[in-house]
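Each of the next two complexes has subunit A plus one more chain, namely subunit B in the first and subunit C in the second.
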Partner chain A sequence: MSLSMVTGSSYLESLLQGQPQLPSSPLAWLNQLRADAVERASTLKVPTTRDEEWRFTDISPLSNLSFQPVRAESSLSIADAEKFYLEEAAIRLVFVDGVYAPQLSGQPHGTKDVGLVVTNLSEAVAAHAAAIEPHLGRYAGFQDNVFAALNTAFLHDGALILVPRSVVVEKPVHLLFIATQKEVASHPRCLLIAESGSAVTIVEDYVSLQEDAYVTNAVTEIALADNAQVDHIRVQRDSNEAFHIANCAVSLAHASRYRSVSVALGARISRYNLNTLLAAEGAECAIDGLALITGRQLADTHTCIDHAKPHGTSTQSHKCIVDGAAHAVFNGKIVVRPDAQRTDSSQSSRNLLLNAKARVDTKPQLEIFADDVKCAHGATVGQLDNEEVFYLKSRGLSEITARNLLTYAFGAEIIDRISIASLKHRLEQTVLEQTQRN
Partner chain B sequence: MSAVLQNLVNQPYKHGFVTDIESDIAPRGLSEDTIKLISAKKDEPEWLLEFRLKAYQQWLKMEEPKWPNVKYPKIDFQAISYYSAPKPKKKLSSMDEVDPELLRTFEKLGVPMHERAALAGVAVDVIFDSVSVATTYKQKLAEVGIIFCSISEAVHMHPELVKQYLGTVVPVGDNYYAALNSAVFTDGTFCFLPKGVKCPMDLSTYFRINTEESGQFERTLIIAEEGASVSYLEGCTAPKFDTNQLHAAVVELVALDNADIKYSTVQNWYAGDENGLGGIYNFVTKRGLAKGVNSRISWTQVETGSAITWKYPSCVLQGDNSVGEFYSVAVTNNYQQADTGTKMVHLGKNTRSTIVSKGISAGHSNNSYRGLVRIAPTAAGARNYSQCDSMLIGGECSANTFPYIQVRNHTAKVEHEASTSKIGEDQLFYFAQRGIGNEEAVSMIINGFCKDVFQQLPMEFAVEATKLLGFKLEGSVG
Partner chain C sequence: MIYQDSKTLLEVRGLRATVNGIEILKGIDLTVRSGEIHAIMGTNGSGKSTLAKVLAGHNAYKVTGGSVTFEGGNLFDLEPEERARAGLFLAFQYPIEIPGVANSHFLRLAYNTVQAQRGKEELDPLEFEDFVREKMKLLEMNPDFLDRGVNEGFSGGEKKRNEILQMALLEPRLAILDETDSGLDIDALKSVTNGVNQLTNKDNATILVTHYQRLLNYIVPDYVHVMESGRIIKTGGKELALELETRGYDWVSVEQRTAARV
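After this line comes the complex of A and B, so read on.
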């Protein structure tokens, strides 16, 4: 125990190497935020399975490897990156190994006219300091989250999206994070500020050009003002040797609406924490997720939906398809605070085990402190229904085709909720390929 | 309307009185000497003393669990007296010889032993503070070969059975309070059903905590051999005191091939006053081992009392095709805290389990369901269905659900659902429209909410439980 603590903290020190080389920001508060995060990170420990929040996810393999911030310039060509582009997305920000790549990013003329800002955080801090300060680092707390602390310590590059009042952005904004080098730790940071009455769709997309081990430690903060609407699509297609840790914090104001679809396909060990705070009356959120894993992958999703004010609505559907010796973890917490009367919340966790060695640990959790609420949750773990398979066989499908079709349909229910046709199609293909491999 | 509901829940504790019987109390504090004293007082064999000392050594190394969702001041284990027994008089040959004071206590509680025994056909093994005072119907049970007696008696009369099974389901070092119990348990119930015997009547024990500041450490062991079946009832009330009393019981059930054990509890210990002062701490370990094929273990509980309840009656489904069941109603009011639920550990093939849990919280209380369903890699074709519903009455209470589902076999099927609701004004309006007043309407709604569980209770318990819920919640809905 004490030994692992020692190695744990020295490991963090090694991760923090390179932090002092970051250029200091012209903004004093930002430098202060980073300094606080460094201080906090050095007092925290890498979580072990003895911590309740990490009980089923053993991230000790992470400590066996050393990761450094990227040093060498990436040799990524435009052609390599192009295959990940989305045809619907007009605005695109590309980060290679966590570093902003302006030559790959694109933004059409005209977006500036309506005041929409989509830019690299390090460039934006000076111009938009007043808009950023009340939000950056305010939602994704790092007091007891070592990975959020590390990310904040390295806060430099990152995506900033600022949607002004009443602006409706028709086309999705694509944030593309490409990993090209091994043993690199990148700390992507996104900040989305949706002002009142605005609407936007963003795609947070993590991809890899290689099959090596690296760490992505992302933090995303999303602030919705009154009546704002945000569609947040998150696709994690990291390398099967990679470690992907992400924290996303969302704050919803009066009558705002947040919809999220997150799909986890890659990484050896991935962990996604999504915290949504319904901070004012009448807020609404819909959170859906799909994990499709095989081999010795581990996909862990922790969500918390915090109903702090009355008349909030939340729905959540999380699905896992687990093949090989993979391990899926889900922990979905719904909190209804004493104030949050008339909350309507529903949650379901459905899991499909395809192999004898596959494993699922799920824990839907309700904490309710108000009486006039409607809350329900459900969880199931099982395999394909034999009667459904039989029905398809009676229609002339082979056993394997029937099973593949049903598995595909199970996952497609979540992918269907993605509003971008090309991305939807691409993900459907991936699910199909993965199910047919068996 | 809210005033009506307030009145509904806040009925004072009906069973608060102290019986003045001379007790033989051990000095406060816990040490090896205390354990040796208990063991000597009870004239125990050497192996049991070793069992206790081993548990004590383990307990010393353990830490009090922090994970339950309950808050209480730290317990001073040295301030508790670990042994208290009514002074032994001469051996009793009939009910007439029982201390009249003691009999009056049972009258007040509404448990006229002889009457109950005669009318309801129930054998009542009465536990008064820690020692068995009277056991009825033993003769009748002995005819079919059932052993039903206090555990201290069993230690003397059937040492080989006690030695074989004691601590096999709940090991001495299982958890903090189980270890404490193993070290200092004073008495409890022992029940043995030989092969093929179906118990001709429901067995029952009435517990009663007396003597202020004496912790109660009950130990229950029920063994059903191949093909045997039994239904066991446990019911509790306790008098009113202001100092918290610790109750750390251990219950072990063993079911061999084709055996069936049904264990029902109605718990109504003193819950503290409306300001949360006093009340019993109920930290109990209950576990059943469905060891044989086709065996079945069923827990039914109605938990209405205690300041803090911390209890997870569990089933280890080891035999192929074995069945585990858990039906629970937990009611909390005022400042009561309950963290209760179950564990279903599936090890054998085609094992099945059902969990139905209903939580009702009112006042400032906190009611948590915490459950674990674990499907081991060996449990092919295992099946679980869980349902946990909560009802909140008033805006200052809370209801939590912590279900852990761990599946390591892909042929298993696990389902869990949970919901939260309240008694709606529209529902009360509907009743009013039909000429049914608020009080009655609330009681009907709550009974409907708990019906699935009450149906599992033996008849007389079901009646008692319905009444209990009625007066527990009097005045709280509105």
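After this line comes the complex of A and C, so read on.
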């Protein structure tokens, strides 16, 4: 059966047919995983705005362009890549148009962390098969998710991070995805396994060299064992012409803690799905996000925090600063299952519109099936607070200065939660540049 | 203090103002000369804060009649920030919190804006740090407040102190302190009033809005005004405050109504 007969979508068809011949793995389970994903990708359709989950996000422009997997070797120089490096990072993995770039990757500071593995997934999968198999593809399900299915079908290069039991990695791990070519589709994959009592900070960073149209379709899976701690910083600064689709799935075991700060700055259309499952007692997650967009950009964030067991804690603060005729979407689902008594959850969605043409659609979605829970949530959409502007003006600040200061502060509140000084500083600069008027 | 050669700083004539279409100020007359300290007292809701905010230029209030001259010019020609730079300062009854804006950064911006207006030297962050710490000592304020967001999580009294710190930095010609004494403990009241007294001189003036005669033991007023229903219905010296303290406000309005009938 040829793929084109079942896909019903020329876009998916072209993507699947363009798939490079992945060497068949000696690992039967891996071949099976890919085959299942190809099968699903062939049956699923590209979502339209008729799908509830994609109501506000029209990705049809995606299918109007033809995107190929990368063929040509990129001519990226070290100098081009260097400007994205983080001085604090202990280890850096670089992927260029989705392909692992060993010459750009490395351990600038070395690492003394015994047994820590940070490497290219496709090369390490055989050596670490026993550790990987129980996790890879287990969290980011692709049964109903065509993008996760495609990513898994193409599963090859990607980041593998294994943090052994009780190892605390002091310095951050930087995963840098650089786009250099237009009309290319890349499918980055990350798998982070934090064993019990371990701790690590990862930076998942999407950047581009030019203002080209390309597709990034990323999948990240993070498994935290008992008492593990993961700090996940995600920066999407793709080209303003690009399409960025990403699925991240996190599973938290007993008393583990997951903290994430995601910043969406780039892409013509971006969609980030973040699903966290508090799968055991006493798990804790803090999920913060900032979308800072302008022009005709659309940034859509869908999160789901699933409290499955008792005594879980979750906090979430999502902010959007929307300028021009841009459009931000936030859907924050919180599920508290019948078993998850004593859950403490709070969510806030605050949105700032800087232009009459800017638009925000925000929706909290609470599904609470336990009775002994604390769930607070709130959403605001609007302009700057009149009283705050007046207070600053009453001290001599001009209207413009007052507004700039307040807009900056609105975004900086999220950026300030990033623990890496150089990255924080860089993002603060970006917020400054994008919010200041004169 | 009342001086012979004083200049008129503020001249309010028949001022009327509305909020949401409701008339709150119904013809205010008030003259403030340099060197003077005025106290405005009056029942809750009589319009004291409204007067203060109208003078500062809050856009929720609409001026519907009368005139205000500030240092010889029409106050209503100036935007709120221009009024501040011209030397008008309002310490708010309820200072708001502005999370995310660092207090030190805000204070420096305000200070430098006013300095620039006066053709004086602006300070860089390091110079300002030293300067503001000195001012904070005067008010017995903990320098940790510099690192927090503007009024963010400050207690009621701490917010009031932060208002007076701003006054100390901006050195206004006319300061309106709207119930700055409410919420201050005894020690704080002493350090804050001490700070205000050090800032007053024969070239500037202060309007104190208060409910408590106690404040006027620390900052001695030249005039005490009683406000009711959007008007100043009685003006006297500092002894009027003592009389109000013992007799309340009722007799003033009775007296005023009788006088009106004559």
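The rule is short, and it goes like this: the second predicted complex is superposed on the first by the 421 of 438 C-alpha atoms of A that agree within 3 Å, B and C clash if a C-alpha of one lies under 4 Å from a C-alpha of the other, contacts with A are read in each partner's own complex, and residues count from 1 in each chain.
Here is the rule we use: contacts are C-beta pairs under 8 Å (C-beta built on N, C-alpha and C of every residue); 3 or more make two chains touch, one makes a residue touch a chain.
Values in this document were obtained by computation on a predicted structure and should not be read as measured data.
Under the clash rule set out above, the superposition-derived model of subunit A with subunit B and subunit C shows the two partners fitting side by side. Contact with neither subunit B nor subunit C is seen for A:Asp344 once the two complexes are overlaid on the shared chain. Once chain A of one complex is fitted onto chain A of the other, the partner contacts of A:Glu88 are absent, as it touches neither subunit B nor subunit C.
In the superposition on chain A, A:Leu354 makes contact with subunit B only, not with subunit C.
After superposing the two complexes on chain A, the angle subtended at the C-alpha centre of subunit A by the centres of subunit B and subunit C comes to 70 degrees, rounded to the nearest 10. Between subunit B and subunit C, B touches the greater number of residues of subunit A. Of the two partner chains placed by the overlay, only subunit C lies in contact with A:Leu392; subunit B stays clear of it. Legend: residue contacts after superposition of the two complexes on their common chain; A:Leu366 is shown touching subunit B, with no touch to subunit C. Using the contact criterion defined above for the overlaid structures, shared-chain residue A:Asp80 touches neither subunit B nor subunit C, since it reaches no partner. Between subunit B and subunit C in the chain A overlay, the least Cα distance found is 13 Å. In the three-chain superposition model, subunit A touches subunit B and subunit C at no common residue. Subunit A contributes residues 386-388, 390-399, 401-402, 405-406, 408-410, 412-413 to its touches with subunit C in the complex.
Residues 56-60, 79-81, 83-85, 89-90, 92, 95-96, 98-101, 105-106, 109-110, 113-114, 117, 149-150, 166, 170 of subunit C are the ones touching subunit A in the complex. Listing the residues of subunit B that touch subunit A in their complex gives 67, 375, 377, 390, 392-422. Contact residues of subunit A toward subunit B in the complex are 52, 56, 338, 341, 351, 353-356, 358-383.
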